[in-house]
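Some structures to go through are shown next.
Okay, so chain A shows up in both of these, paired with chain B first and chain C after.
Let's turn to the complex of A and B:
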């Protein structure tokens, strides 16, 4: 009996969520389609034109005039930057909408309470409200991230001014971390939305929690996988080598001691030269993540964020259940 | 009499959290500027290492950036919490039945936040002007950077006031809190991007021509430069690819037909006129948006009253 009844009810509830948030659904679809089109354009014609311009530029003689399409290079650079920041804004958009519109508004004006009296338990109400958005956020953000990665690969090695994989904006916009962050934003918005009496406060709170967790994972990421160490003799006179996400840099002295030094990154100034001579430094060291660490770092960070999101989800549901059952208990 | 003092008090009580958050933000910004210039600057200079100046210049940049873009938050708040929420939930309508006309209601809702924004600007802008010029040797920015340009003059306050008016108008037109928030923020971001791209055109530039290459002072904000080919301005000849000894350079530039150089720029003395022009544009938009908000509100509530009277 219950199986026969729950199936149609679930369909009905999903339809109800869709109808209530139709403008948001349209906006989300339009945003994903527009950004996806922009990223495809970036990966195709824009990247090709910029790569060709760089090829021409590099073929030019050192002296004399050089004819190349500088505008194509700048256009790729500008549009890449806009597209990257647009992808990075997605978790915040989701958090703001979740806090203010999906949950906060209904709590503020009391329609949530009304719904709970209509045979829909608070827990089912929240589960329905979160399930479909979570699916759409995962699919939409996942598609954007994949296309951003595609656009980055299209420029890598062909466009001299293309961003490195370790550029933080690029790192986040082209990996699964940002998908997990969007889901974190969704749950964070709901968590605050259920606790704050005003939808604007919930919006601000959801944004703050998302920003805070992003900052936290940003500090954590370099330490999630063991680093590679590259040692370069001091004679190179150019500072430590090794490209990627650097964790610790410094010098190794004649006795073999490692001295991490955040400030003098090369012995270019007289002060730094004297400083290193005093230390009896013989070589540079650089503990860093090369490009091969890209996927391990991405997936571990994604896993941590998903675990945090799961925890926040549990807290949200438990908080809701406690709040909605206490008054009845008090009435008894 | 009691209504005159009572109304602002109601607005203050209703939006106490927002006022506290805003006051904390402005005070933190001012305290940060004082700390950076009195403590951090000296220790950065004393440490003598390559990158110590970043300890000073990076947080300095954060302060001006945060204050510059605070109008995003003002637009969001004005569109949703200040006006949108009351129209959506109907508490505005309730207030209008309590002897408070819609016009007075809106006037009180806008006047107090506007006053708070102006007061915050009156405190922040002078402190920032002092802080920005106190340790120039540790900074890598220039007066024409977007955030610095706005924060060193009244433009930063005008952005806040404009965001307030645009938020209120969006809320009154849409009568719903979240769409009003989205529209207000989107309008303000577009306006800001437009003004930032065109601010150099709002005041005549200075053009210098010379037979030799032009060295502008570091503080000059260069707009465009190029070479004179047989006396005509040209931006597409890449004379910078000429290299080598003086004689080689001369032959290379002669081959290209270069007879001189030109450069158009804004000297630092253009800061005030440019900042005031932008402030003027923003305040004009603020006035128009405010007028439109009052007109729409009166039109709607007036029509409703006539209907109900019939």
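Let's turn to the complex of A and C:
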């Protein structure tokens, strides 16, 4: 039979996935390199200059006007923000590309059907189409968050205006959560790309699913690890203390009861004192996550997102298999 | 090796969800022996493309079964070539790259020479990108990709629609040579009956999602007769597919049961007449292999 035509060899799909998405590969590489360079610059010269300016400012703060490089401080602050938002945009970029270009356009133009009628199964096709980008997304995004963390550490404690670890943009941009979100975006884009016949719809759908999951994990994160409670006597009259991601704040009454969200909205201190006296409050409490909870929160959230990604992957593959295989067709 | 290329049993495909669902194919049963050149004919929207997609393993049936080359469409994938109606190809690749991709994705049974011959016949520069090709040129590359796979079964949805008469003639010749040389079963859909009459030996007529006629074209033609009889003639017991009374004459296309009356003028219909008669008369009883066996029994 025809198998004798040429010696059987392996299917080489990977090189064609690279060839077909070559512009995206170049763009991705350029984006990662540019952002990595920017983050290194931020962590090095920019952070050093800002730290030095703060040092000078703090040294002469009590002695009237002094010379310090205010521009260096503002430059670090601005570029830090730009770089942070650029890293946070990566999952959306991946989801949009996956939905529109990687899968959606193939389904829309019918080239997916062309691929499925070659000598490989649709499942194999999808596996290769997802595995290679998943690897590149993990490596690229992973490098970015590592460098972002490096840039944040470079400013922490040296630059007074540097963001706290618990600032949400900083929290996401310098941890593995954003890598997991990029992978979720990749799979979500593919799932919708296979289901919707328009690449534009898949683009929007991929973005929506990614945004929705990000929002969900954002609501979930404070509750993923048990909080630390800090109690401050009311006499200090400074409000609850303890820096980090706060979950519940309020006052404790003389009977030991906790009243959450007991914020005084009055204008004067006297009115507020009366308000708290009315509640019979003796101290503030703050249930929060201190800096030591950074990694547990990051890794648990990452784990949840990876589990969701795995689930979406199973749904995507099962959908494709059910769509292209006859019910009796156990052999693929 | 099986002697059956495609066998469908009560095959059905529904699109859309409950309420708004439409049946593209319904209760579709037929058997196509291997080695035939089969024309799938029917009006637009009859279910031809759905049938081919089911056989190619691109979509799963809602009901019934389809067996391709003795196995499931999914398992037969490597042995089946498919050319979709809109001839999808990757626009960013060159012709040469497209064929190299065919070689990489069909290991063990890629016939580079055959694929190149089809492209060379169109005097195409292999370095040219797919996006710069005309519709007819794309068809040629799509056919080259499908033939290079050296399929045992080649499914083509409206393959010739974009081609000029010369290219159509030449590529039909290439296809027929392939069928003759390698025993390839060829199934092509069309709504232009005339272009299939010379090259096809098997017919599958589909109308409104059902098989109306299935069988060898010669046998189908011999199994029908065109008759001209006086207007009051009783045409029974023959099965009347279509009849038209003009003046004192009735002309009809019938499936004779036994011999026709000698005083009726008659003849064998052309393929086009046969097809049109069935399409014009959806109520006419279908003739599929199962039923024709009943007839001969």
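Operating definition for what follows: the second predicted complex is superposed on the first by the 301 of 332 C-alpha atoms of A that agree within 3 Å, B and C clash if a C-alpha of one lies under 4 Å from a C-alpha of the other, contacts with A are read in each partner's own complex, and residues count from 1 in each chain.
As a convention for this text, contacts are C-beta pairs under 8 Å (C-beta built on N, C-alpha and C of every residue); 3 or more make two chains touch, one makes a residue touch a chain.
It should be emphasised that the depicted structure is a prediction, and the values quoted were computed from it without experimental measurement.
K.L.:
In the superposed arrangement, does chain B or chain C reach more residues of chain A?
P.N.:
Looking at chain A, the partner in contact with more of its residues is C.
K.L.:
Between chain B and chain C, whom does A:20 touch in the aligned arrangement: first, second, both, or neither?
P.N.:
Second partner only, chain C.
K.L.:
Which partner does A:113 reach: the first (chain B), the second (chain C), both, or neither?
P.N.:
The answer is second: A:113 touches chain C but not chain B.
K.L.:
Which of the two partners, first being chain B and second being chain C, lies in contact with A:271: first, second, both, or neither?
P.N.:
After superposition on chain A, A:271 lies in contact with chain B alone.
K.L.:
Using the superposition on chain A described above, determine whether A:157 touches chain B (first), chain C (second), both, or neither.
P.N.:
Neither partner.
K.L.:
Quick one: is A:201 in contact with chain B, with chain C, with both, or with neither? Answer first, second, both or neither.
P.N.:
A:201: touches chain B, not chain C.
K.L.:
Counting only touches as set out at the top, which of chain B and chain C does A:256 meet: first, second, both, neither?
P.N.:
neither
K.L.:
Would you check which partner chain A:322 touches, where first means chain B only, second means chain C only, and both and neither mean what they say?
P.N.:
It touches chain C, and chain B stays clear.
K.L.:
Between chain B (first) and chain C (second), which does A:12 come into contact with in this model arrangement: first, second, both, or neither?
P.N.:
The second partner, chain C, only.
K.L.:
Would you mind listing the overlap between the chain B footprint and the chain C footprint on chain A?
P.N.:
Comparing the two interfaces on chain A, one with chain B and one with chain C, the shared residues are 109.
K.L.:
Write out the stretch or stretches of chain B touching chain A in their complex.
P.N.:
Of all residues in chain B, those touching chain A are 17, 47-52, 76-77, 80-81, 85, 88-89, 177-179, 181, 237-238, 241-244, 248, 252, 256.
K.L.:
Which of the residues in chain C come into contact with chain A in the complex?
P.N.:
Listed in rising order, the residues are 1, 53, 56-61, 65-66, 71-75, 77-82, 84, 86, 88-90, 92-93, 97, 101-102, 104-111, 145, 149-150, 152, 182.
K.L.:
Quick check: in the complex, which residue numbers of chain A touch chain B?
P.N.:
23, 60, 62-66, 97, 100-101, 105, 108-109, 198-201, 203, 262-266, 268-269, 271-272, 275
K.L.:
Which residues of chain A touch chain C in their complex?
P.N.:
So the residues of chain A touching chain C come out as 1-3, 5-13, 15-16, 19-20, 109-111, 113-121, 322-332.
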